[in-house]
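Each in C-alpha cells, the structures are laid out below.
Shared between the two complexes below is chain A, which has chain B as its partner in the first and chain C in the second.
And now, the complex of A and B:
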C-alpha cells in the first residue's frame, strides 16, 4: 500500500492540478488561452512519455515521432469526419494502424545502430509527410468535436479534461510497465547489452516492444492533437517537431515518468505563457525561440540529469545548510 | 537524350549543394561525436549576413559569399567555444539536442537582425549558357558544380595529405588516444565546427538564387544531408559525399521519368531499403563493438 501511496498519488495529484485549470479559467483567474496552451503541453508530454521508454531504456533514438503523430491525426480526422465512426473506435484504429506500421518499420530497421536508426526513422517520417501532402494537399482539414455519447459533445475544456485524464492513466500504465519483468529486462539492456544477452534477454524483442510503445504513444498524441486543435494540415509534422519532443525528454529527465511534463512545459509552455506576456520583450519577434534554445542548452550543460530532479536536489541543499548551521 | 543530360546537370548542381552540407555534418560527427542538426541553420544565418552586406554595400556576389563564409567560420568557432566544448561530458543524445538548441537560437536571432522578409541573392554569374550534349548548362550552374567538386577536392587533399588533416583523422578515429599523442583535439574540433559552418554557408548561397534567403531555406537540404550521411555511412568522409550526389541525381531522374508527385517518397523508400540491406552504408566500414 505504501508503494501505491507514493507514486500513484503523485500522478493523480499532477492530474488534479492540471484538471483544475479550466475551473480557474471560469473563475477568471487565468485566461482561456492558458488552458489551450496547457492542452498542448499535455498531449506533447504523452508523446514524450512513450519516446522516453524507447530512448531512456533502450538508448535508441527515433526521429519518426512527428510522422507517426501526423499519420494518427489524419487517420482520426478521416475516420470521424468521413466515416462517422465513434471517437473511441477511431482512437483505437488510429493508434493501431501507426503502431503496426511502426512495428514493421522496427522489424526491418532495428538492426541499425544509433544515428543510423534515428535517420532511418526520419526518412520514414519524411515519406509519410510527403504522402499527406500528396493525398490531402496543403489544405487544412477540420476534425469534428469528440462525441463521447450520443449528444454529449466535448467542448475545448471538456477535451482538455479528457486529455489530462488520459495522461494520468498513461503515466500509471507506463509506471507499471517499467516495474514489470519487461521493464526490468529493458533496464538490464540499458546497463549492458552484452550482460543482458548473456542472461538470455532477447534484445531485439525488447527493443521492438519499446519501439512499439513509443509509436503508440505518439499516435495517441496525434489523435488528441487533431481533436483538441481541430485543424490538421501537413506543416507541423517536420524534423523540428520530432526534435522538440526529444528536447522535452532531455530537459525533463531520462527514464522518468513525470519528467516529460516538466520538459513539455519548458519547450511548449514557457514561450507562449511567459515570454509573450512580458511587456516590450514579448513584442520582439523570435525572442521566444532564442529563450527556448538557450534554455535547452543551459539545462543540458548545467543540469544534465533533467529538471525533474530539481526538487530532490533542492531538498539536499536545504538539508546541507541545516547541518552547517547546527 | 538532351532532357536526360539536362536532368543530370541540374542533379549535379543540387548534388553539390547537398554534398557541401553533408561534408559539414560528417566532419562534425567524426570529431565531436554529435549529429549536427544545426548544419542547415548555420548556413542560413550566414547566408543572411552575406545577403545583407551585399544589399547595403552593393558588393559583388563573390565578395559577399567570401565574407559570409568568413563570418560562418567565426560562428562555428563561437559555437564551439561557448557550447560544444563545455558539453564534452554530455551523452550523445544530449549533444544532439544541444545542436537543436542552436537551431532555435539562430532561428530567433535571424529575423531579429535581418528582418522577416525573404531577401534575394543573385547568381554568381548572371547570364550565359553553354550547349553540352544537346542540353544547356548555365555558366552559373557549371560554376556551382565546379565549386562543389573543387571544394571537395581541396578538403580531401587537406584531410589526406597535410599534418592538420592527419590530426583530424586521428581525432576522428579515437579522441582519447589522439590527445595522448599530443594532438590538440579541442583545436581540431573547433576547426571542424568552423569549416562545417563555412561549407553550410556556401551551400546555402548556391541554393539562394533559386529560393531566396529565408529562415526555412535549408530545411530540405538538412534532411537530405542527414540521409546522405546514413546512405554513405558515417564511418568515412567520402562515402556520404558520393551518396549526396547520388541522391540528388536519382531524385531528378525519378521525379521526371517515374512520377513527379510520388517520386520523392519512392526515392526515400528505396534509400531505406538499401540502408536496411547494407546497414553500414555505401562504403561504410563495419563498426566493431567492444564489450
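And now, the complex of A and C:
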C-alpha cells in the first residue's frame, strides 16, 4: 500500500511542477511561449499514455493516433462552436465517438498482427484526414474557449492547468487498472498468448480493450488540443504525428506511466525550448527531426527499455557502489 | 468411493498434420483423484494429444469428455481455448510460460483471472468491490506460495529466478483457478534429480491438499513410475499399453518402443 501511495505521489509531484509554470511566467521567470510548449507536451503525453497501454502492455502497434486525435479535435470544435454544447458534454461525446469508431476498426483489424495492423490503422487515420478536408476544407476553425461554468471561461493558463489536472487523473487511473487483473491480462497476452489462453484470458477481448483505451486517450488529447490551441485545421493529423507519439514511448519508456511524460518532454519540448535557442545549430531547418531520429537510434541501441528506467538503474548502480565500498 | 469416477475420457482422438497422423485413434480415461501418466518416446504425440485435450489444437476426430466443476460431463472438443479453464481443467507448459516483469505473486494472480468479477472501470476507479476482490485473491496467492515454500520470494520478479522456482510458480498459478484436473506438460523437463524428487513430492501434496486429479505428460521415467497410479504409453500416436507402473514396465511393446532404448542409453 505504501508503494502505491508513493507512485501516486510521483504523479502529483509531476502535476505540481507542471502546474507551477504559468505562475513562473507571471513572475517573469519564463516566457509564455514556454508554457504553450508545455501544453503541447502534456496533451501529447496523454495520447502517448494511451498508446503505451496498447504498444507497451499489450504489444500491438497502431499508427492511427493522429487520425483519432484529429477526429476528436474536429468533433469538439463542431459540438461547442456550432451546437453550443457544454464543454463536458462535448468532451464526453468527442471521446465516445472516436472510441466507438476505434473499437469498430479494432473488430475488423485486430485479426491482423504486427506491421499489418500498423498499416491498417494508418489507412484509417489517412482516410479520416481526407474526410476532415472534405467536410471542413483546409481552413482553420476556431474552437471557443472552455466555459467550465456559466461565466467562468478558461483563458490559456486556465486551460493549461485543466490539462495538467487531467493528465494527473489519467496517470492515476491508468496506474490503477494496469495494477489490476486487466493490466495483468494485457501483460500476459504480450508475453505469451498461449499462457494467456490457458489462464482463460480472451485474447480478442483484451486486444480490443487496449485498442479502445488507446483511442479514447488519443481522443481526449485531441479535444484538449482544440481548446488549448484554439485553431483546428487538417495539417497536423498526419503519419508524422503518430510516429512522433510512437517515438515518445520508445524514448520515454515502455510499460511505464511516467515514461510518456518524460518522452513527450524530450520529443516535443527539448527541440523548441533548448536546441533552437542554441547559436548556429539552432537555425538548422528540421533540427527537431534530426534530434529525435538520432535519439531513437541511440535509445534503441543502448537503452531499449526507454530513458525513464535510467533513474532506477542509476539508483541500483549507486547502491552497488555503496555496498562495494563498505 | 469417488476414486473410480471418470473425470476425463478420451475417445478415438485423432489429429493429422498434412499426411502425418500425430495422434491416431487414442482412447483412455482418467479417474477422479488419481495421478495419471501419459508417456511415450520423443515424437510419440504426447504433447499433441495434450494440446488436443486443452483445445490448443482442434482434433480431427474423437471426443474429450470432461466431468466439469458442476459435475456434468461435457465434450471439450470445439470449445474455445480460453473457456477450458472455467470448466476446471488447467494446464502448465513445457517451457514455463510466466511473465518475467511481474512478481511471483502477480504471476499467481494471473491464474485467478477467471475468478475476478470486476472489469476495467471498477479497477480504474478502485471501487471497493475491486479492492476487496484483489485483497482476497492476494491472500489466496500468498497461501499457495507458502504451500509451495516460496512465500519469501512473493514480491520478487519472476525474471532471473531459478528454474525450479519458476516450475513451482507455474504449478501455483494453476491452483489459483480451483481446478478439478491439472494437466502438466513435461513438468520434470530441465530439472535436476533433487528438483525432480521435490517435484514428485509436491505433485502428491497438491493432490492431497487441493483434492485435484493430475494428468502428466512426461518423459522422465523416474517421476512417472514413482508417482503415477496408472499410465498410458503411446508411440507414433497410438496407444501401446495402459496400466499400473508395474504393468507398463513389464510390457514388451513399451520396452521396445521406449524403455529399452532409455535403459541402454542411461546405463
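Heads up, the rule we're going with is that the second predicted complex is superposed on the first by the 316 of 326 C-alpha atoms of A that agree within 3 Å, B and C clash if a C-alpha of one lies under 4 Å from a C-alpha of the other, contacts with A are read in each partner's own complex, and residues count from 1 in each chain.
As a working rule, a contact is a pair of C-beta atoms (placed from the backbone, for glycine too) under 8 Å apart; a residue touches a chain by one contact, two chains touch by 3 or more.
As the structure is a computational prediction, the values presented were derived from the model and not from experiment.
When both complexes are overlaid on chain A, the residue A:176 reaches chain C alone and has no touch with chain B. Of the two partner chains placed around the shared chain by superposition, neither chain B nor chain C is touched by A:277.
In the superposed pair of complexes, A:312 makes contact with neither chain B nor chain C. In the superposition on chain A, A:286 contacts chain B only, with no contact to chain C.
Of the two partner chains placed by the overlay, neither chain B nor chain C lies in contact with A:235. After overlaying the two complexes on the shared chain, residue contacts for A:247 are found with chain B alone; chain C is out of touch. By the touch criterion defined above, A:123 lies against chain B but remains apart from chain C after alignment on the C-alpha atoms of chain A. Contacts of A:20 after superposition on the shared chain: neither chain B nor chain C is touched.
In the overlay built on the shared chain, the residue A:296 is in contact with chain B alone; chain C does not reach it. Set against each other, chain B and chain C differ in how many residues of chain A they touch, and the higher count belongs to B.
Where the contact sets of chain A with chain B and with chain C meet, they give residues 192, 194.
Those residues of chain A that touch chain C in the complex are listed here as 173-174, 176-177, 180-182, 184-185, 187-188, 191-192, 194-203, 209, 213, 255. On the chain A side of its complex with chain B, the touching residues are 55, 59, 61, 108-109, 111-116, 118-120, 122-124, 126-127, 130-131, 134, 192, 194, 238-240, 243-244, 246-247, 250, 284-297, 300-301, 304. Residue ranges of chain B in contact with chain A, taken from their complex: 29, 35, 37, 83, 86-87, 89-94, 96-98, 100-112, 116, 219, 222-223, 226-227, 229-230, 234, 261-262, 264-265, 268-269, 271-272, 275-276, 279, 287, 291.
The touching residues of chain C, counted against chain A in their complex, run 54, 56, 80-86, 90-91, 93, 97-102, 106, 109-114, 116, 118-120, 123-126, 130, 134, 173, 177.
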